[in-house]
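The chains carry the letters A, B, C and D, assigned in the order they are written, with residues numbered from 1 in each.
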C-alpha cells in the first residue's frame, strides 16, 4: 500500500525558516473590497509567512472592514484605509494591487516610485506591446513602467519573477488557456497555421462585485450565454502574446468566453491539430515534464476530463488532453478557480517566488469539495 | 408605433376548427414518468387539440400518477398504466414513446403493429444506416421498422413528416447543432474540408431522472465539465448524418458536450470557416430564409449571442451568427430547452405536422422568463 | 384502474363559448417589462380568451418589446408603449397594472377614471385601513379609490371579485401564508391568543428585475439569509388583515421572510396550536372543504410536505398540515410560484372571475417540472 | 484609524512551539471518502500541527485516494486503507471517525480499545440517555463506551473536552441551533413553558455523498421543501438534550428542517419569548459574554441578520438576535457551514482543545467569499 504525500506538504516550519521567521513579509492589499481583494485577504490570513499590514479601498475608505466584507467580522478589526503610497511604504514590503485596468496603472506607478514590490492583478502591465495595449484599452497611463513588468505566470516565467519588482499577474481566461497549450507549442506538437479555437466557460465572480443586470441572480441562474466572442474580449491579445512566445511564432486564437451559472471556476476547452507523432498521451508527458516541480499544476491522465469543482478554492490548475480518434484532433483543457489560480492565488504564488519562499507557501490546501 | 403580434398567435378556435373540434386527437405517453414523459404530459394538457388518453410506465405501473409526479397532483387523476399495445390502440390515435434507446425499439414495433402513429423520442430510429447504429449502439431490436422512420426535425423534413407513421424525434444536442449549421451547409456557405468544432453546454435534465453521482446536487452545482468528448458521445453520428444530408457530402464534427449547473437548456457553439462572399450577415439572411414560416426557430441579428434562459420552457430555438473579424471565421450558435424543442415539444410539433394541425398548436407560449 | 382527469381540464372550446368567442377580452399590461409584467404577457399569450392589446412601459417606451424582453423575440412584434389612459381605454377592456407601490396608485386612478377594469398587482389598494397604509407606506396617492378595491384572493373573496372594477391582487408572501391559515381560522381550529410564527422562504425573482448587490449572482448563490424580519416587512399588515378577517378577531403574526438561492417559488412554514379536537387530518379536511371547486389550490395529505418545484410556472398553490406529535402543535405550509399564483397568474385568475370566464381559463398547465 | 487583527491571528510558529514542533500530532480519518471525510482531509492538510497518517475507507479500500477524491490529485499520493484498529494505533495519536451512525459505534469502540483518542462525527455517542438513543436509533452497538463520551461543542464544554478520549462531535443542525439559544437559556432570558420553534434551512451536502432522487440536481435546484419535520428528525433529541442542560430544565423544540438549493450552509431561525428585562440588545451582550475567547463564534449586532455565505468554508458560526417590536418576541439566528463548524472543523477544534493546541489552530482562514 502506498502511503504518503506525493509532494511533501509545505510544512509551516520550513516556510518560516526560509523567511527567517522573525521577519514576516508585510503586505498591503489595494482594492481590497472587490472579489479578488477579498480573496487576497483570505489567502494572506492563511499564509504562514505573510503579515497583513493594511487593506486599502476607495469608496469605502474609513468604514470598518467587517461591514464591507462581513466574512471578516470578528477576524479583521481594521478600517478600510485610503490610498497613500508613502504610508504604505512605511509599513509594507509588497503590495497586491487589485484594481480595474487603467485605474491600476497610476497607483502601481506611485507604489513603485515609493520603492515597493508590486503584484498587479489588472491588465495594465500584461501586454508587452504598447501598440497592442492602445488597440485594446486606449492610452496607457504609465508607459515608463511597462518595461520592468514581468508576466506573472510562474510555471513559464519563474526565473524572471524572482527578480521582478513589478509583476503583471495574468487573468483567469489566459491562465486556463495558456497552461494546457503552452507545453504543446513549446514542443512543436501542434499545427500553428490556422487559428486555435478556445471555447471558455466562466463562473460569474469573474465579472466582479458590482451588481449588473447580466449578473442579476434571476437572469443568471439557468442561463448559459457567450459574450464578447469572436475577437472582442480583451483577454485575447494576452492569450496570443503568451502562446506566441511559447511557440516562437505568431499564434492566433478564436476566443469565445461563455458565462455559466456558478460563482467560481473557469474551464477552457481548446481544439488543436497535432503534428505527426503526437497524440494525447505524448502531450500529457510533455506537459508533465514542463510542470514537474510546479506545485500548482496537475496534469490528468490522457482522456480524463477536468472539473471546475475539483479545484475550487485552491490555487491549482488541472490540465488534460484527449484524442478525438475520428478526426485526429486533440482536445486540450485547463480548469482553475478564477479568483485563486486565476487571480489572487497566482499573485501570492508570484510573491512567494519573488521573496524566495516556497512557491506553494500558503497555497497548499486542496479544493473546497464539494 | 408598431403594434401587433409578428406571427399572428395560434388562436385556439382555429386549431380546434382545423382539428374538426369534435374529434380531438387522442394520445398516450409511453415512458410517462421520466423527464421527457412529464414534459410531454405538461404540453399535452396545454394543447387545445389533444386529448390525454393514458400515461404508461413500467416500474411505477399501478401507482397514482400524482404520487410519481407530484406536479400533477389535483390535475391528473389516473394511475400509471402498464404497457399494452392493443389497449392503447383501442383508445388512442398516436403514441409518444419516451423510453431509453433499445428499450424503445421493441415497444415502438408493437405499437406500429397495432396500427398506431408513433413519435419516438429515443435514438433507436434516428440513424438511417444500420451499420452506424450497430457501431454506436449494438444490434438493432427492430431492423424492419427502420425503413419507415422519418427524422423528426420539421424545419428540415416537414414534408416527409406529414405522411410518416413513425417519427424519430431528434435529441437535444443534434437539434441545437443542426439548426444553426444546416442552412450554411445547404447554401454552400462554409468550408467542409475539415471537421467542424461543436462545443456544446447542456443542463442536467438531459441526463434523465435517475439519480447518479455525477448529477448529485453537491457535485453538480459549481461544476462545469466535459464528458464523452472527442467522438465518444452517441449523438455524434446523428449530427453528422443530418449535416451530411444538408451539405450533400460527408461532414465530420468534433463534438464536445459539457455539463453545466442548470436544469434545462442547451447551447451549441460551432466554429466554421466561411467560403468567399459569406459572412455572419449573409448567414443570418440564409437562415432566416430557410426558417421563414417555421414557428419554432428565431434567427437573432448577426453578432447577437443567444441565451438559454430566453427559450426555457418554450418550444423555440434561437440561432445566431457572429464574425470573428480577426480570423475570418464564423461562430454559429443554437440554443433551446433540451426537454422542449430538444425533445417533448419537438415531438408535439411533429405530431401537429403529421395530423394537419397548425405546426405551432399548443406550443405558442413564450419562454418562462426568468 | 382509475383513468381520467380529476377536474375535467378546461377545454378551450368551452372557454371560448363562455366568452362568446367573437369577443375576446382585450387586455393591456402596464409595467410590462418587469418580471410580473413579463409573466403576465406569457400567460395572456397562452390564454384562449384574452387578446393582448398593448404593453406599456416607462423607461423603455418606444423600444421594441423583443429587445427589452428577448424571450418574446419572434413572438411579439410591438414597441413598448408609453402610458396614456385614454389610448388604453380605446383598445382595451381591462388593464393589468404591474408597477411598484405608490407609482401604481396614480396610474390606477387614471385608468379607473377612463372606465377600465383594473387588476392592480401593487400593494396600493390591498390594505383596507388608510391608517395602516400610512403607517407602512406613507401618504396614499389615491385615497378616494381605496373604497372600491376588492382584495383579489378568489379562494376567499370570489363573490366580491365578480363585480369589482378594481382588484388589489395579493402579493406572494400573503397568498402563501393566508391559503394554509385562513381555513383554520375560519373554522376556529387554532388558538389565537398569541402571535402566529410565519417563517417564509422566497426565490429571488420576488425582489424584482432591478440589479442590486443583494441579488448579484455570486452573493446570492450559496446564500440563505433572513431580511426585514420581526415586523419590518411591508407584507405583514396585509397578512394580518386577511387572517383577522378570516378569524373574526385580531391576529398577529411574527413574519420572517428569507431569501434562498432560487429564481421562483415561495414556501411559508407556519406554526400553530390547535384547539381541542383538531389535528392535521381534521385541518386537511377543513381546507379541502373550503377549497373544493377552487382550481388553483391543492391540499396535500396530512403529513406530506410541499415542494416549490412542484408548482413552479403554474398557478397552483400546494397546502399541507403536519402534526408535531411531541408538542401537539401543527405545522401548516403553503407553497406557490411567486410570479404566478403569487402575482401574475392570480391577477389572470381574478380577471377570469370578474369577466365570467372559467376561473382556471388559461391557467390549466401544470408546473414546469423539473 | 484602527489597524490590527481583532484576535491576533494564530501564528503557525506559536502553534508549532505549543506542539513541540518535532512531534506533530498524527491523525487518521476513518470514513475518509464521504463529504465530512473529504473536509477533514482538507483541514488536516492546512493545519500546521497535524500530520496526516492515513485515510481509511470501506468500499473504496485499495483505490488511490486521488481517484476517489479528484480534488486531492497531485496532493495526496496514498491508497484508501482498509480499517484496522491496530495498524492505525501504530501510526496515529488520534482518529477522526466520519461514519454513519450505528456503523460508527463499533469502529469507535475498537479504536478506543486500541488506546486511540477518537473524535466521532456520528450521532452514536451524542445522546447521554440510552433510552433516548433507543427511541430514535434502536439498540446501541457499544453501550459501555457511552459513559466516557463528551459532547464536543467547545463553546459550552471546553473543560470536559480537554481530558476526553472520546468526543462526540455535534451535528450541523444542533450546533447552529444551540449556539444562539444556549446563552439565553443559561441566563434565564427567555420563557421555557412552551416549545421553542426552530425553523432550519440546510444546504444539500448535509445529506451526504450518496446520490438519491431527492438530491438529484434537477429536482433540487429551484426546490425548497421541509422534511422530517414535526418531531421526526433525529437531531431533535440532541438539540433538546443540550438546550435542557443549558436551561437546567426540560426544553422542548418544534424542529423543522428544510432543504434549500445550495451545497453548504445552514441557518437556524428560532422564535423565543423573552422574560421581562431582556431584549435583543441584552441577548447580544449575554452571548458575547459567553463566547468571549471563543475563536469560532461571532455575535452580530442586534437586528443584523446572518448569511450562510459569510461563513462558508470557515469554522465560524454567526449568531444574532432581533426584536420583533410588534409581538415582543425575539428572533434568534445561528448560521454556519454544515461541513466545517457543523462537522469536520468542529472535530478539528475539539482535537485542538484535547491536545492543548490553540483552539483555532488550522481553522483561522475566513470564509471563502463569494
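Rule of thumb we're sticking to: a contact is a pair of C-beta atoms (placed from the backbone, for glycine too) under 8 Å apart; a residue touches a chain by one contact, two chains touch by 3 or more.
These figures come from a predicted structure and were not determined experimentally.
Asks: Among the other chains, which touch chain B and chain D together?
Replies: Correct list: A, C.
Asks: Going chain by chain, each one touching the next, work out the least steps from chain B to chain C.
Replies: Step count on the best path from chain B to chain C: 1.
Asks: Which chain's C-alpha centroid is most distant from that of chain B?
Replies: Farthest by centroid: D.
Asks: Which option, A-C, A-D or B-C, should count as the same interface as B-D once over half of the contact pairs match?
Replies: A-C
Asks: Please compute the C-alpha centroid of chain A, do the same for chain D, then give the distance between them in whole Å.
Replies: It comes to 34 Å between the two C-alpha centres.
Asks: When the C-alpha atoms of chain A and chain C are each averaged to a single point, how far apart are the two points in Å?
Replies: 47
Asks: Hey, how far is the Cα centre of chain C from the one of chain D, in Å?
Replies: 40
Asks: Specify, in ascending order, the residues of chain B that touch 2 or more different other chains.
Replies: 35, 203, 205, 218, 221-222, 261-264, 307, 309, 370
Asks: Using the touch rule from the top, collect the residues of chain B that touch chain D in their complex.
Replies: 35, 203-205, 209-213, 215-218, 220-222, 261-263
Asks: For a test of understanding, state which residues of chain A touch chain B in their complex under the given definition.
Replies: Checking each residue of chain A against chain B gives 194-195, 197, 199, 201, 203, 218-219, 221-227, 229-231, 236, 252, 254, 256, 258, 260-265, 267, 269, 271, 303, 305-309, 312, 322-327, 329, 331, 333, 335, 370.
Asks: Would you tell me which residues of chain A are touching chain D in their complex?
Replies: 1-7, 9, 11-13, 15-16, 21, 35, 38, 41-42, 45-46, 48, 52, 54, 62, 64, 69-79, 81, 205, 221-222, 263-264, 298, 300, 307, 309-311, 313-314, 316, 318, 364-370
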